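Inspection log for the structure reproduced underneath, given as structure tokens.
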Amino acid sequence: MKPDEEIIVRRAVRELRSGMVVNLGIGMPTLIPSVMPKGLDVLVHSENGFVGMGQPDPSGTRDSDVIDAGGRPVFLMKGAAAFDSLMSFALIRGGNLDVAVLGAFEVSMAGDLANWMIPGKLTPGMGGGMELAQKARHVIVVSRHLDKHGRGKLVEECTLPLTATGCVSTLITERAVFRRTNGRMTVCSIHPDHTPDSVKEGIANVALADELEPW
Amino acid sequence: MKPDEEIIVRRAVRELRSGMVVNLGIGMPTLIPSVMPKGLDVLVHSENGFVGMGQPDPSGTRDSDVIDAGGRPVFLMKGAAAFDSLMSFALIRGGNLDVAVLGAFEVSMAGDLANWMIPGKLTPGMGGGMELAQKARHVIVVSRHLDKHGRGKLVEECTLPLTATGCVSTLITERAVFRRTNGRMTVCSIHPDHTPDSVKEGIANVALADELEPW
Amino acid sequence: MIDRVRELEDALDEYVRSGQTIMVSGFGRGGVPFSVLEFMADRSSRFEGLTLVKNDANEPDLGIGMLLKRGQVKHLVSTHIGLNPDFIDQMNRGEVTCELVPQGIFAERIRAGGAGIPAFLTDIGIGTVVADGKTAVELDGRTLLVERALRGDVALLCADVADRLGNCWWRGSNRNMAVVMGMACDRVIVEAKRIVEPGEIEPENVHLPCVCVDAVVQAGERRHVAEGRHF
Amino acid sequence: MIDRVRELEDALDEYVRSGQTIMVSGFGRGGVPFSVLEFMADRSSRFEGLTLVKNDANEPDLGIGMLLKRGQVKHLVSTHIGLNPDFIDQMNRGEVTCELVPQGIFAERIRAGGAGIPAFLTDIGIGTVVADGKTAVELDGRTLLVERALRGDVALLCADVADRLGNCWWRGSNRNMAVVMGMACDRVIVEAKRIVEPGEIEPENVHLPCVCVDAVVQAGERRHVAEGRHF
């Protein structure tokens, strides 16, 4: 895990509470189980067919019978349930997910999310992202603060095709935590190595909460 | 089993072929497994959750864990599948039933079926009858020839609330077999104890097929 | 460790109220939460004015038959009521109302409620009284009925096996409407004939995943019942 | 006794034709009918102009990746194609078309096809390009999209265990789209890692009932695959 990723996923884990049902999207979110502290009893939902997914299985291969949505072998916890895609998405749309942790290309100030397509360049497809973004009670986006061109992931309006509108509750980068407050993303916590100025780098017009949370 | 019932269900069994998937409705149709000859390999579907239902279980009670749709304990054959009502009716609507054998209050000359309600008198409810009647490839109705008032079960038009329109392929009574031919029920076979006249008793205007099948 | 095993009375106290819409599993005598229903019938004044959603009306004095007889139910959504002549009499006297739904559409509407599908289109019931009062639409040249999702406040289920997390498994014909009802209600109480430790049900064989379940209670020893009479 | 075990070649000869719509199970590398797909890729001229319905595009040279590379596919309905850059290139060159569907709607449309539900209404995709060109309707004050059932001519599935009648069971994450695809196609060929006698799968644990299955074929020993290369 790279240092920035570790800062992000460790901060994201602190958004979770015991008893929550949590889906971890492809990419950085799948790093979360490996940093989950003992005693945090969340039920991990994986859209390819599990509730109760556990740690990565280092002895497995990508041909294993138990893989996560990103194709990596995992263990199941005792009491896990395995099911098909139909049940998996019925649970998602039925409102059984407390949290979905997703990656992003862009998050807009209004909480719109774009994470499935860069026209002409990259078309991975939306997979289960649209349902997760629309239907989880809280959507946490984990992402580097800037893209490789130095542009902030938090933008005034998304330019890429949307995954879902107004869905993001929280955006966590290696510099800050943003929460959607009164319909607009707001800086709510800043990493100790950063300042309000470095958080605003590449991001136009973001407000700070009156009182910042500790990181 | 009463003598008339035995005539009817034994004749009905002869409509079945090995490999068929067959649903047996509540009432007289549930007598069919007990008269099924060895070597007739049908898969019996029961709408309360089985494919591969077998013979009645005389040692069981109505509190058994394996009951038919009429609540009677049954055995399962080797290779049976048990599932929930959702899957059961998905299989029905999805076109997986070759034959449904159902009871009737009335069958019309056009093949309409009424078997779930006699207004003001009897309202058992339709149960799974509407889906079975609409979606099985062949609907065979088994019924006494006359009701207790001496009226034929085959009527010009149904007076009772319908289960489904134009769905009945075959009607089997203790006197005759009627098949829907060119949209109209026609006498196709007559029980050896009966004659065209006794078959037409209580039934207006039914035609005989040019060539009758042996009973 | 998450542990959803509760005392029956505690779970009912916390989740069940008069006036609610309550889904009850069971087909005939299979998979009916008899212990929970007996508890509610014995305390009829605490559980009144209910709307029940159940495949059938059970038999008089049995399962929901007890609640129906004690006047605790104002409306029943069902598919078949033929084994409960007392209820049919109550209905004919206007003491209670009943909506009869084709069994597969009943299951499908509840599943839609649980699966976040607001409505679906079907040809089942066209040309019958079931179509009366329903919105019909044209799709690709066919006339279809709009069937709406059905949800409940509470589901009362009886499972053959449940683990402490709430994962459930059913024997034989006991599963019937339980899984879809467990998905379609805000709160789900499972009366389990046998409660086991997490992991004892193989993950692949779990019929209802634990995330749908709020409380697991131990089913009582069922009084032997034959032909509608308790012995 | 009904026995649906067949030779792979016989089953494909009887049921699979060029130009058909074929649903293929699998999510990533889990539950993909590799033996059947390798057979079809090795005889590419016999299986051309296909429309495939599959959760993802596999990887280049793996699973349906082989059929895509050999130009046997004219259209793919899928949810995710990110692990197959060769296919994305083919798509960008206009050699093949692709319809991307949100994964839960993909499963639901196939299930609708299998369950005799002509269409359903959903809010998934509203406000995104997924809604473009779809019929929107108002229901109880909400705007919803009409999603149509999806059916196929043939389903090609890989099960972990199948009995001779055709009842199937899947391990872990291998089940994914298999059950709904098995319900939604006129013909269903199951490639089974293990074939057992009827009765060896507990009735309650059958994931796909045998009435949906036309042929069970023995899966070949899979060549070990790592990072997209055969060894």
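Chains: A, B, C and D, in written order; residue numbering restarts at 1 for each.
Methods note: a contact is a pair of C-beta atoms (placed from the backbone, for glycine too) under 8 Å apart; a residue touches a chain by one contact, two chains touch by 3 or more.
All of these numbers come straight from a predicted model, not from anything done at the bench.
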Count of contact steps on the shortest path from chain B to chain D: 1
More contacts between chains, A-C or B-C: B-C
Centre-of-Cα separation between chain C and chain B, whole angstrom: 28
Length of the line joining the C-alpha centres of chain A and chain C, rounded to whole Å: 36
Chain C and chain D: spacing of chain centres that average the CA atoms, whole Å: 34
Geometric centre distance via CA averages, chain B-chain A, whole Å: 55
Chain A, residues touching no fewer than two other chains: 50, 76, 82-83, 89-90, 92-93, 135
Touching two or more other chains - residues of chain D: 108, 111, 115-117, 122-123, 170-172, 175, 203-204, 207
Chains grouped in pairs wherever the two touch, ordered by label: A-C, A-D, B-C, B-D, C-D
For the chain D and chain A complex, residues of the former touching the latter: 27-30, 55-56, 78-83, 88, 91, 100, 102-108, 111, 122-125, 127-130, 160, 170-180, 207, 222, 224-227
Chain D-facing residues of chain A, complex: 46-50, 61-69, 71, 76, 82-86, 88-90, 92-93, 122-131, 134-135, 161-165
Complex contact set, residues of chain D against chain C: 108, 112, 115-123, 137, 139-140, 142, 144, 146, 148, 169-172, 175, 202-205, 207
Sites on chain B touched by chain D in the complex: 18-19, 21, 41, 43, 45, 50-52, 76-83, 87, 89-96, 135
In the complex, chain C residues that touch chain A: 1-2, 111, 114-117, 163-165, 167, 183-184, 197-199, 203-204, 206, 209-212
